[in-house]
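Have a look at these structures, which come just after this line.
In the two complexes that follow, chain A is the common piece, with chain B as its partner first and chain C second.
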Partner chain A sequence: MLDQLPAIIIAVPLIAAAVCAIIRNETICWLIALVVAFVSFVGSATMLGQVQQYGEDISYKLGGWAPPAGIEYKVDLLAGYVLVLVSLIATAVLIYGRQSVKVEIKKSMQGWYYTMYLLCMCGLLGIVITGDAFNAFVFMEISSLSMYTLIALGKDRRAVAAAYQYLILGTIGATMYVIGVGLLFTLTGTLNLADLAVRLGPMLDTPAAIAGMAFIIVGLSLKIALFPLHLWLPNAYAFAPSAVTAFLAATATKVSIYLLMRYLYTVFGFGFAIEQTPIPEVVMVLSLLAIFAGSFTAIFQENVKRMLAYSSVAQIGYITLGIALANATGLTGSLVHIFNHAVMKGALFMLVGGIAMQIGTVRLSDMAGAGKAMPLTMFGFVLGGFSMLGVPGTVGFVSKWYLAMGALENGWWWVVALLMLSSLLVLVYMGRVIEVAFFRERPADAVPLKEAPKSMIMTAWVFILACVYLGFDTSFTVGVAEQAVNVLLGGAQ
Partner chain B sequence: MSSLLFHPALPILIGAFLVLRLNGTARSIVLLGAPLVCLAFVWMTADGVILSIPYMEWTLEPFKADKMSRLFATVFGLMAFAGNLYALKQEKVLELFSANIYIAFSLGVVFAGDLITVFVFWELMALASSTVIFSAGTDTARAAGMRYLMIHLLGGVVLMAGIAGEVSATGSIAFTSMLPDTLPRALILAGFLLNTGAPPFSAWVPDSYPEASYSGMVFLSAFTTKTAVYVLARGFPGAEILIFIGLFMIFYGIIYGLCENNARKMLGYSIVNQVGFMVTAIGIGSALAINGAVAHAFAHIIYKALLIMATGSVFYVTGKRKFTEYGGLFRTMPLTAICCIIGGLSISAFPFTSGFVSKAMTAEAAYVGEYYWVWYLLAAGTAGVFLDVGIKLQYFVFFGKDSGQRPPEPPIHMRAAMVFFAVLCVGIGVAPQLFYQLLPYAQEYEPNTPDHIVTQFQILLFSGAAFFLFLKYYGWHLVNSLTLDFDWFYRVWGRKIAVAFTQNSGSARDSIIDDLSKGAKQTIDRIHHRHGPAGVLARTMPTGRMVFWAIVMLAVYLLVDFAFM
Partner chain C sequence: MRGHLILRVVSKILIPFLLLFALYVQFHGDFGPGGGFQAGVIVAAAFVLYALIFGLRATQKIISPALLEVAVPLGVLIYAGVGVYTWLMGGNFLDYNMIDSHDPSHGQHLGVLLVEAGVLLTVSSTMLLIFYTFAGRGR
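What follows is the complex of A and B.
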């Protein structure tokens, strides 16, 4: 049974999705999805535990075909870490989102919502677990197509336009990726990532390999929404149903970042992609631009969901900055921030989902005086804001600290200065919400407010508390990340 | 962990939250009781590290005490008591709440044993104190509070960058005495200095504090700048650059204070001036000088709060802020006037007041340390302070030309708070040896010697004479002057930048992209002449623009990779 875990966490959601598509009853579908997501989480955590315990990667030969010819599922520390993150968020958002889905999605569509949700989770887990370049593309398409549908389920009619935009761009990204994989395949005749790394070694400086690398990087950058390829993200996040946004923001881009790290550090290799090409420099410039452009734009948003979306663009910049720093400390920061950002942004989007449900809009001006009527929600927002700001004692501090230390190791003082300065921008956009909610009076003619349903508040608060807890006890995030970095840097040393 | 229960900040923090829920007598009891419990905790606290918590790869020391931290905590506790007494009937609960958590956070800094803890409480203080300003509720207060917050968070950014560098270089987060000899340490120093009101950002003090309510400014005057003095005394004793910065602050405060017509604003300048004395003393760095700085901080909190309470009372009963609108208030507000005069004498280092016994040490330290020119400038500064706060304030508010107003004395609790601090001012001045026992370094020093007292009288006498000689011209000057400070730069340009961003953020980005794409367009048009429809880039839909960027990025990666191979 345990041997089959890698297949189980992929196959079970896939089958469950089909079952949901047939049943389409909201309650049953929700239950199925919840159980399946939880099973995936337990499976992922078990595998991570096994890898940690035995210090040996799990390799699963799909259908019994041995790699490199057959498809291999591979769980090392890095993959296990991201698997746990994705399945954990998927489970939490299911607990959180049921009430919100009931309100925000048409009754006839709710069954489909859970179908697509399961497919999406399956795709995301698949991208992480697979050791095969083309199989990753297939999973990427599974997750993306279901994601487009999920976004289009939004009540706002602009959701359809946003989903369409995301579809076009996501497809372009995937196409670029597959072109890159194709180039590498023609060169080496293999699709297995580990095998690819070995065979590519002597051929790295050929034009085809370099072109393949460029296509893969740009394709993944589109999926990551790395500046300047981020324009699909704000609309998609803003108009998708609240639960979808929380899930999307916490997982989708992170998985693509994981894949990018894999390619840069293991397939093309530290010795080549990082040391010999100027890719780290380009990524660093783009990351810093993302941080500042994203934050500045976030400041001027009236729609709070959109504001958080632009803030995600900036936070993605922090994660990719760690890739560019290319030392163990910086990469640890990057991996820790993948987890931390998922936790804090997930929490914030969950809280905003509650606001959307109670107030009916997510416009900043409509939130005046919400602090008094929804103290739990807004106080959670304050704590989440602290975490985004990077106040010591929250998760935001831990990851920013590692990034700053990584930058110092490279002697990049000015990057540290910019990192710190960027926190000020976070303060401005989070501060605006807090100011409006706590220091403005609620207009007399506005509808009376109350807290969002308990299931939503409680899930969001579990994440908020996690922001603080993981800010003090870093043994899971930093502990695993520090070891997982060896997966990336191990080949180089 | 249980030792945290006896952290002096805790009673005040709990009190702050209780104030949110309580009314009437219960609220008064909490407001007055919490500082007393805090003071009891301060004096129960033993020396050394009381609590340490493992955090990431270090050990945090959030609760560590010695003589210096106890001294600061004592005066903070006294200040919390008097401030809460003065603000007892403040209707804005938010102000009382934020003022008390602000006090608790500053106690957090005072008992912090490591840089990370210092930083956390430092930032929390900035947030809480700006809420004190916000809670005045006026539009000007909101704007001033925002400027205040931005300046302080900028300082926090500098401080954090410094701490990150320091930890990276030394691997330790311990908060010990250092010199600004490396870039990280210089940054830490700069972050600390910003909170003292050091140049070029001195203007935040007079800009923001007067906008707080009558009681809000009493709280604000005591904690931010003095916590900064505390961390400087602990972190950078003997950093010579502080002498120059401190002297600059002294004269900055005097000159701008003389030109100021707004009484509360003038007291803001006077804070910068007095903190200048402390910063100078820290720069000298000998045991006597540090004692002087610390003692001066102690005395200063009390007499400055007293002055602000007195002017706050006048503001409270008349609703007016300007010198030219006051005059002759002595007739109906004798108690307030007497308290204000005692505060004014203290700040001018008049013999037998608290200011005299504390400032004397700094001057002595400059003399003993052979900084003779510093000694002269300190003496001149003392004369200037007398001119400002010792005479000008009293003269224009309580005496001078009768404005015809007959306001009543403030309510009893406000009077009680003033009398309490006035008694402390005189008490410390009369019996300095008791007070000296609290100081961090043991010393044999007697300020009240005949020749010392005579010298001081001479300085003050001539200073007073100068004021009355130039009085005729001076009144005219007050009404018609407008002073320009460094904050003009960030207030005017800052606003322009902000406005430019708010109005044009979308269109500016579009136009930049358009500009950029025009050049690229011609190139790509040629390449894709047959394959792509012309004008893809001109489309406003982000889809088109994104595709364009995707191609640009692809080109960038291909170009740089081939170019550098």
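What follows is the complex of A and C.
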């Protein structure tokens, strides 16, 4: 049973998705999805525990075919860490989202929503667990196609346009990725990532390998929404149903970042991709641009969901900055921030989902006086904002600390200065929301407000409290991240 | 297309052969190029031809959109069901060797056959459903 776990966490969501598509009853589908997501979470956590305990990677031969010819599912510390993150968020958003889905999505579509949700989760987990370059593409398509559908389910008509925009750009990204994989396959004759790394070694400086690397990195950057390839993200996050936004913001881009790390550090290798190409410099400049452009644009957003979406562009910049720093501390910061950002942005989007449900819009001006009427929601928002800001005692501080230390190790003190400066921008845009919610009176003619349903508030608050808890007790995030960095850097040294 | 006698008669003759050819492609997948995906597209093409000549309503009387919406996930379930069966027999997911305990090659044969049947069902019904959706617009 235990040795089948890698296949279980992928196959069970897939089967459940098909079952949901046949049943299409909201209550039953929700229950199935919840149970399956929880099973995936327990499975992922068990595998991570096993890897930690025995210090040995889990390898699973799909269909009984041995790698490198067959498809291999591989769980090491890094994969286990991301698997736990994705399945945890998926479970939490299911608990959170039921009430919001009932309001925001047409009744006839609710069964399909859970089908697509499960498919999306299956795809995201698949990208992480597979050790096969082409299989990763297949899972990328599964997750992306279901994501487009999920976004298009938003009740605002612009959701369809946003989904279409994402469809076009996402497809370009996936196509570039598969072109790159094709080039590498022609060169080496293998698709297994570990095998690819070995065989590619002597051929890395051939034009074909470099072209393949460029295609893969640009394609993945589109999926990551790395500045300036982030144009699909703000609209997709702003117009998707609230639960979908919370799920996507916390998982989708993170999984692509994981894949990028794998390619940079394992397949192309530290010695080549980081030391002999200008990739770190390019990624660093783009990350800093993402941080500033994203935060700066966020300040001027009237739609709070859009504001948080631009803030996501900036936060992705922090994560890729850690990749560009290319030392153990910076990478740890990057990995920790993958988890931390998922927790805090997930929480913020959950709270905004509650606001959207009660007020009916997410316009900043409509939120005047919400602090008094929805104290739990808005107080959570303040704490989440502190975390985004990087106040000590919250998760945001932990990851920024590691990033800053990583930058100092490289002697890039000016990066540290820029990191500080960027926090001020966060203060401005989060401050705007807090100012409007707490210090403005609610207009007399506005509809009276009350708190969002308990299930939504409670899930969001669990995440908010996690922001604080993980800010003090970093043994899980930093502990696993530090070990996972050894996996990434260990292959190179 | 009421007036186009030749089109009506020719397509009526063609459709059984199209379906037969689809089955040929389907089963040829065991030995060479072919398989569920290609066969599924040919099956869907046969129905699309019927719809073009005899109208969407007549086609939907034969296969209703509601039936297709069940057929799409059903194909996936057939595929995944084979995997679940190999689990129950104590093997890895989709390890066809486990299907026949006496002769692994028989297991491989049967496994691919079933999986491809699932692919045929899903691909053909998805294709047809896409056609229905576009052709039904504006009604």
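Just so we're on the same page, the second predicted complex is superposed on the first by the 493 of 493 C-alpha atoms of A that agree within 3 Å, B and C clash if a C-alpha of one lies under 4 Å from a C-alpha of the other, contacts with A are read in each partner's own complex, and residues count from 1 in each chain.
Assume contacts are C-beta pairs under 8 Å (C-beta built on N, C-alpha and C of every residue); 3 or more make two chains touch, one makes a residue touch a chain.
Since this is a predicted model, take the numbers as computed values, not measurements.
**Student:** Once the structures are superposed on A, label A:Leu62 by its partner contacts, choosing first (chain B), second (chain C), both or neither.
**Tutor:** In the superposition, A:Leu62 contacts chain C only.
**Student:** With both structures placed on chain A, which of the two partners, chain B or chain C, ends up touching more residues of chain A?
**Tutor:** B
**Student:** Is A:Gln165 in contact with chain B, with chain C, with both, or with neither (first, second, both, neither)?
**Tutor:** After superposition on chain A, A:Gln165 lies in contact with chain B alone.
**Student:** Looking at the overlay, does A:Trp232 come into contact with chain B only (first), chain C only (second), both, or neither?
**Tutor:** So A:Trp232 only meets chain B here.
**Student:** Would you check which partner chain A:Val391 touches, where first means chain B only, second means chain C only, and both and neither mean what they say?
**Tutor:** First partner only, chain B.
**Student:** For A:Thr297, is the partner it touches chain B (first), chain C (second), both, or none of the two (neither)?
**Tutor:** In the superposed model, A:Thr297 contacts chain B only, not chain C.
**Student:** Have a look at where A:Ala11 lands relative to chain B and chain C in the superposition and call it first, second, both or neither.
**Tutor:** After superposition on chain A, A:Ala11 lies in contact with chain C alone.
**Student:** A:Ile22 contacts which: chain B (first), chain C (second), both, neither?
**Tutor:** The second partner, chain C, only.
**Student:** Determine, under the contact definition given at the top, whether A:Ile279 touches first (chain B), second (chain C), both, or neither.
**Tutor:** First partner only, chain B.
**Student:** Quick check: in the complex, which residue numbers of chain A touch chain B?
**Tutor:** 165, 168-169, 172-173, 176, 205, 207, 210-211, 213-215, 217-218, 221-222, 228-229, 231-232, 235, 276-279, 282, 296-297, 299-300, 391-393, 398, 401, 404-405, 408-409, 413, 416-417, 420-421, 423-424, 427, 431, 439, 472, 474, 478
**Student:** For a test of understanding, state which residues of chain C touch chain A in their complex under the given definition.
**Tutor:** By the definition above, chain C touches chain A via 69-70, 72-74, 76-77, 80, 83-84, 87, 91-98.
**Student:** Hey, which residues of chain B end up touching chain A in the complex?
**Tutor:** Answer in residue numbers: 55-56, 116, 119-120, 123, 134, 149-150, 153-154, 157-158, 160-161, 164-165, 167-168, 183, 501-502, 505-506, 509, 541-543, 545-547, 549-550, 552-554, 556-558, 560-562, 564-565.
**Student:** Under the definition above, what is the set of chain A residues touching chain C in their complex?
**Tutor:** 4, 7, 11, 14-15, 17-19, 21-22, 60-64, 115
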